[in-house]
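Right after this note come the structures.
Common to both upcoming complexes is chain A, partnered first by chain B, then by chain C.
Up next is the complex of A and B:
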């Protein structure tokens, strides 16, 4: 039975991705009988290549993806190098970890509200420093270079990479290596970069690839913060995909394949860059430069980066909340003149329906994912070594979901909650697995041996000993999966075929409206739902085991 | 009730680490001594039926005249004690004892109370194991094993983490109960005093008898 769970989990990971890709290849070459495409042709490609915005869209995707990944990785390593082992580091990790449960879209909206010409930053500086009496006519959000998009990605990817590094540190012998480097006279940051970083990077390589692929092909964040003329490639694909003229789907499929090729090419480039950097780095490390003086600059920089991200997201979310209750709020006033419940009460009915659907889909997908992960781990699936787990995270959503949507259409299940739940499961499963694998393996297996010695069979050991002892980890894994599901935009949109909406699709759909109060309401709800589940996930085991000191955080 | 290690050999990557051929009579103790890493704990894992995949075992294990070599751990009825008490942190003291007590025992609460009394822990059944002292926890762990009515007792340095005064007391407590119940005991340790207190034969992992 456990074996079966392992295979079910692996199949669930790989099959939808491969099937989705297969479902894209046909239409990309003109073949999709359901839409009248019965002959293979290169017509879709001519359509893509003939699109005047193609060059700019490709350039934008590549540049923003590389920038976001490079900056996120550099900041993450800097933060850890500068502060690991200090009290501040604990504080930093506790501040940034909750950002993981935050949907990308909510963070992007918050950031947009903060940096917009009429946002809090401009208000804070106006008119005394800027002289602005009215919001300046500047394109800060949706800037043509995609810098706002990069910023929106960085504030979300740094917490993710930070958590991955934290998981990798115990296996990197980091504290002792750092101690050796320090005792040889190295500065804190330099010592860490030369002695620990290479070992850590090897372990976080797959998450970094996932960040790179995601940043190059993200849709929801790009809709909120990304450039509009031209758009990044992924957004353009979605536009073709959802075009009323169904024949545009052929072109969308061709562009999806192009997007996949682009991501693969950049991943290969990144890999080559790794090797080159490793060679250079080895020479650099052996060069003996201690970099003691650099700490004075780099440590504040690392702290500043962490603080900046925390502040940007925190203030952004506060701004969302305030806007959702704002009555009249003129520039450059820092606070609204009045507060009102008008928007909230107006949206109450829609909110309830979407919340219900979001929660139902997330509960289903996460419940199934948790059961499969437990079965797979019980069958001996390995943690981070299982590269397959990253497949749905590295193959861009926009590349294979159109194919999956086509299959759903052909099977007649598109637009049902079940199909959306299934699509979410593909992305929830990897995150639940990643959240659960380490604590699962860290469990003292002697407890199982003792239980078996007392006559408990494997099932009883699992249900009466292992799962209760791992209650905290299970709850956290559940919360991670739930948050992942709630945050899904593209799977909901494409598989739901417009008939299933969640708080996320509603929120992102408002991006172009510019209605801040409405966006505020939906983004706040989108953020609050996963956060509420996270709080519950922390409180539930704490309450259940309130009389058991041994179950507290070690 | 005896435990027989019948030409037992445990090898890793072709190199034999453990070679034992002994019979342990009811109530007797076989002490296996050696430095850490010599394969003592591996021997116990093999006896309980949880040998890690990297190891290969030859020979048979007989318990009360029955060949248990092929049985899974929960069917062997060999109770284990480690140097950590390994009480289940999510259960109360009584819950831990109840976990060990076989199903179908009529007066469960009465049996558990009696076990608590025997261990000098009367009235502590509702306590969180984490609030007990090290010695108390060790005694709960032993009573939990005994309530499961094992046919043999396997001890993996069970006294190593107790402080000196407690250690002597706990040794006496464990061995007296094993004798009273007529359980064959295998004790692995690197502490000579443990082996002396056990009073039985003392061997190393190659089966050579060590003079004390």
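Up next is the complex of A and C:
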């Protein structure tokens, strides 16, 4: 039975991705009889190649993807290298970890409110420091170089990579390696980079690839912060997908394949870069430079990066909250002239419905994912070897979801909560697995042996011993899955077919409007829902174990 | 390439619009009975909280009067709903479709009507139809030069008005020529939503009206005229103003609400909208200062109507018909015209109403920033939809991808 669970999980991961990809190959080469494409042709590709924005869109996707990944990885490693093992490090991880549950869209909205020329930073400095009576005519959000988009991705990907590194550290023997390096006279950062970073990187390689693929093909963040003339390739694909002119569907499919090719090519490039860096790095490490003096610069830099990210997101979210209650709020006033509940009360009906739908879908998808993960882990699936788990995270959503949406339509299941739940499951499953795998293996199996010795069968060991002991990890895994589901934009949009809306589709649909009050309401709710579940996930075990001295933390 | 594929696709799609279970749109009691308990999915642009609240209030009435539930599917772009119907057509779902009603006009309406994707004709059979003033507003029968022929029910009329803050700008430019000079003198203080956005492309058409020699060519298909020659002055105009637009023309607001936010933040001095009452409603809601006023161009501004159409494969046609009729109800129309609610212009004729209903309209204020009917100037006819499509494409090629 456990085997079956493993296979069910793997099939659930791979099948939708492969089916979705198959669903775009036909139209990409002109074949989709229902749409009048009965002969194979290269016409869709000519359409894509003839689009004047193609060069810039491709360049944007590649450059923003590489920049966001490179910066996120560098900052993450810097933060860990500079502060691992200190009291501050605990503080940093506790501050940044909750950001993981924050939907990308909400973080992006918060950032946009903060850095826009009429945003909070400019308001705070005007007119006393800047002399601005009106917002400066500066192109910050939606800049043509995609820098705002990169910033929006970095503030979300650093917390993700940080948690991945934290999970990898115990297997890297990092503290002892660091100790040896320090005693040989290496500076803190230099020693960590030379002795620990290579071992850690090997373990976080797949998460890094996932970040790279995600950053290159993200839709919701790019809609909020990305360039507009042209848009990044993924957004343009979505636009072609939803164009009233039918023939654009072919072009969208071709572009989706192009996007996939781009991601694969850049991943290969990154892999080659890894090898080159590894060779260089070995020489560098053997060079013996101790870099003691560098600590004085790099440690504050690491702390500054962590603080900057925390502040940017924190202030951004505070800004969202304030705008949602704002009456008239003209530039350069730092605070609104009046506060009102007008927008909140006006949205109450819609909020209740979307919250209910979001929660229902997230509960369903996460519940199923948790059951499958337990079954798969029980059957002996292992995180590192099951690279397949990363498939839905590495293949760009925009490349396979259009095909999947067409299948759902043909089967007549699109636009139902069940179909959306199923689509979410594809993305929830990997995260739940990642969150659960390590604690699952770290469980002291002697407890199981004792139980078996007392006559308990494998099922009883699982239900009566292992799962209760892992209640805390199960709760966290559930919260991670729940947050992942709530944050899904493209699967909800394409599979939900307009009939199923969640707080995320509502919030992102408002992105273009620039209506700060309304965006504030929806982004705050979008952020609060997964946060609330995280808080519950922390409180529930504490309550369950209130009479269990041995299960308390610390 | 598009043309060839589109033609093929059209050939595949040009099937009779009505399935076997075609409704008799005149048998109203039967429609009311069949609609009981239905949920109508109204796909309508969802970018404005005031409009969303209005739609919700219509939903409450629909529930109270007919026991029909209204679900507002908030679109970022009306084309999304069109796509939805098209994909259902592809998948062979000729009944039980997801879209029951669409708020529509212009190129989207033309494309759906051409492809036989609309249910109807139904509009002129609605019980409230006799209240619609087709004589004073012949525009409710013609959408972007195309006869509506009952495939859409008009429910609001719009005319482009420009908005400015009188506290910041004493005398706004009241013609395209004046705007041209004003932009040169005030760099960075004007912009328009990025085409193919509806309002942004409408601004291009408005500008075209201002520079074209013979505007009558705009009322025919773009293929019938020397497009390059007709639009050359438009591109010259845009080339001239672009460096002096907001952000130097390197970025554009996405749509009407985004432009409105720029005006509210003081990033631009002049904005514009299709709803003449929008500014007043925004002032009432505390989004704009009460010093904002509106104006129109001396040469006139574009005017059009909004329609409610029903896709051929709608799952809840009866409920959608009740909705179409309900939004023509004098009480609902007066609510939409209330400047504190929407400030939309009614399609009903005052002389066709009972005195009680007429009083509802007479009781309404204009709103502090709204122009009186006699100040609205000339309403210019919307050009043939092919102009909108062609100009938006051309704009994208010229300005849409430059870095």
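Keep in mind that, in the parts below, the second predicted complex is superposed on the first by the 553 of 554 C-alpha atoms of A that agree within 3 Å, B and C clash if a C-alpha of one lies under 4 Å from a C-alpha of the other, contacts with A are read in each partner's own complex, and residues count from 1 in each chain.
By our rule, a residue touches a chain if its C-beta (ideal position, glycine included) is under 8 Å from a C-beta of that chain, and two chains touch if they have at least 3 such contacts.
Keep in mind it's a predicted model, so treat the numbers as computed, not measured.
A.B. asks: Touch test for A:193: chain B only (first), chain C only (second), both, or neither?
C.D. replies: neither
A.B. asks: Quick one: is A:464 in contact with chain B, with chain C, with both, or with neither? Answer first, second, both or neither.
C.D. replies: The answer is first: A:464 touches chain B but not chain C.
A.B. asks: After superposition on the shared chain, which partner residues are touched by A:451: those of chain B (first), chain C (second), both, or neither?
C.D. replies: first
A.B. asks: Based on the superposed arrangement, let me know which partner A:545 touches: chain B (first), chain C (second), both, or neither?
C.D. replies: A:545 sits against chain B, while chain C stays out of touch.
A.B. asks: Answer with first, second, both or neither: which of chain B and chain C does A:412 touch in the superposed model?
C.D. replies: Only chain C is touched by A:412; chain B is not.
A.B. asks: Does any part of chain A touch chain B in one structure and chain C in the other, and if so which residues?
C.D. replies: Correct list for chain A: none, the interfaces share no residue.
A.B. asks: Which residues, counting only chain B, touch chain A once they are in their complex?
C.D. replies: 45, 48-50, 72-74, 76-80, 82, 84, 86-90, 92, 99-100, 102, 128-131, 144-145, 148, 150, 154
A.B. asks: Sort out for me which residues of chain A touch chain C in the complex.
C.D. replies: Within the complex, chain A touches chain C at residues 32, 34-37, 43, 46-47, 50, 52-53, 56, 117-118, 134-135, 137-139, 142-144, 227-230, 241-248, 250, 327-328, 330-331, 337-338, 340, 342-343, 346-347, 349-350, 406, 409-410, 412, 415, 497-499, 501, 506, 509-518.
A.B. asks: For the complex, give me every residue of chain C touching chain A.
C.D. replies: 1-2, 4-6, 8-13, 41, 43, 46-49, 52-53, 56, 72-77, 79-84, 86-88, 90-93, 98-99, 107-108, 111, 188, 194, 246-248, 250-255, 257-258, 260-262, 264-267, 285-289, 396-397, 399-403
A.B. asks: Under the definition above, what is the set of chain A residues touching chain B in their complex?
C.D. replies: Interface residues on chain A, with respect to chain B: 444, 446-447, 449-458, 460-461, 464-465, 468-469, 471, 545, 547-551.
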